[in-house]
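Below you'll find the structure I mean.
For clarity, chains are labelled A, B, C and D in written order, and residue numbers in each chain start from 1.
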């Protein structure tokens, strides 16, 4: 029964994270929300008796994906600044 | 429990699809793909769940003889395991494309790329 | 033995509770980082020490975990606070001392000419 | 108008997915394929306690090979796309605390990754997880000191060698008449010990090295095109 409550809560939080990732104005917050979605998904895998998948998702879905997104955002931001300086 | 995770997975898939189809920013479209991936993985793992099952690792608590009665289905888990790693590679590839596109046009709006339209 | 472990774990969780209240109460980023790091590190370490008393056969792994927490958590908070100082997140109005101001100019350095 | 159209499409897809939910009544027993894998005969034939590892490396080894190929292709395409820009980079100096602790932590994290993929057949974990952990150690090193030049040739040589060993071990099984990617080319050993399960730990270790090298390469490419201002 307690597992059921935890699962419902996790599902609600994950849907909220997906909503934030789609609709928040700042891209940085959206990327962080995507990473948090991956982290909650890894907890869900652990509840579903899949520890291997949970480890992979925790390392890749919330760690490396977010870092790659931030590298790209950083590059794009500096490019936009250069353009403003020229114009 | 597996019903709830299944429904959550399908809803997350639909949310990702909505993000892919309505957003204009390329980075947000890629975020939509990531969300879609996560939902798909949740659906596959929850289909693999067997009621009251334990993880498919045969240590002290599960012996070889009654493995078939106690463990959950390992096949979709193995598929999801590789799919997550592929997802990282594909996401990195899409982001590299996005970076190149931004260098060309100085814009991330998908509507400013009309070169093949006439 | 079990009683000592339970008491230490309870104290650790109390410290964690105080930390989470402080996260809501504190006025700006730097204070929140301080609360969220110092108290959380202490609470986690105390819970792990309590677990050493409860499960004596796990002591090696638990001491390794304490080492990891002590290595990573303060350093990450330090890096976060530093980054938020450099992108000029404002202090709360009651801040008096800013010791970082003196050498902020010396922190910029040119890297990698090509 | 456009959004309404998209909404209709999504609602249609959702109603197509609805029968899948309503007809799903949960599993109370394993599917026949999984029961085949979980039979005591087949478990003792593979001799690996972690069934997921057994499936990834042996039964579905061809899938793993294709997956590794896809990862290699994406790494190659990213390396082709992201040429290094020749701009002057102005970065803030990292503090001594961060640098020192990163120097202390990186070897430990790499060791943890190696532990994860060597013990992949006994406990949760394996080549992919270990490779991801190694890549996160590399990203910590790159964040602490952005000017370190990763030895590109070393990573490429590591990746190619591990891929060749993977394919070679797989083909050795076919040469010995056991079947492609069979794990019985090495002695099976005792159930639950480190040196058991035949070729599974060896193959998974090389997969882990390959995945770690590829992910590190991708991250290094993304890092080296940065131009902080």
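The working rule: a contact is a pair of C-beta atoms (placed from the backbone, for glycine too) under 8 Å apart; a residue touches a chain by one contact, two chains touch by 3 or more.
Quick caveat: nothing in here was measured; it's all calculated off a predicted structure.
**Q** Per the definition at the top, count C-beta pairs in contact and tell me whether C-D or A-B has more.
**A** Spelling it out, more C-beta pairs touch across A-B than across the other pair.
**Q** Measuring from the mean C-alpha position of subunit B to the mean C-alpha position of subunit C, what distance in angstrom results?
**A** Each chain reduced to its C-alpha mean, subunit B and subunit C end up 33 Å apart.
**Q** Round to the nearest whole Å and give the separation of the Cα centres of subunit A and subunit B.
**A** That pair's centroid distance is 12 Å.
**Q** Would you mind pulling out the distance in Å between where the CA atoms of subunit A average out and where those of subunit D do?
**A** 20
**Q** Pull out every residue in subunit D that's touching 2 or more other chains.
**A** 50, 52, 124, 126, 128, 132, 215, 218, 222, 225
**Q** Return the residues of subunit A touching two or more other chains; collapse runs of consecutive numbers into ranges.
**A** Only 51-52, 56, 60, 64, 68, 72, 75 qualify.
**Q** Let me know each pair of chains that touch one another.
**A** A-B, A-D, B-D, C-D
**Q** Within the complex, which stretch of subunit B touches subunit D?
**A** Answer in residue numbers: 2-3, 6-7, 10, 13-14, 17-18, 21-22, 47-51, 55-59, 64-65, 67-69, 71-75, 77-79, 81-82, 84-86, 88-90, 92-93, 95-97, 99-100.
**Q** Would you mind writing out the residues of subunit C in touch with subunit D in their complex?
**A** 71-72, 75, 78-79, 82, 86, 107-114
**Q** Can you check the complex and tell me which residues of subunit D touch subunit A?
**A** 50, 52-53, 116, 124-126, 128-129, 132-133, 135-136, 139, 215, 218-219, 222-223, 225-229
**Q** Spell out the part of subunit D that touches subunit C in their complex, as residue ranges.
**A** 86-95, 97-98, 101, 104-105, 146-147
**Q** Give the list of subunit A residues in touch with subunit D in this complex.
**A** 51-52, 54-56, 59-60, 63-64, 67-68, 71-72, 74-75, 78, 81-82
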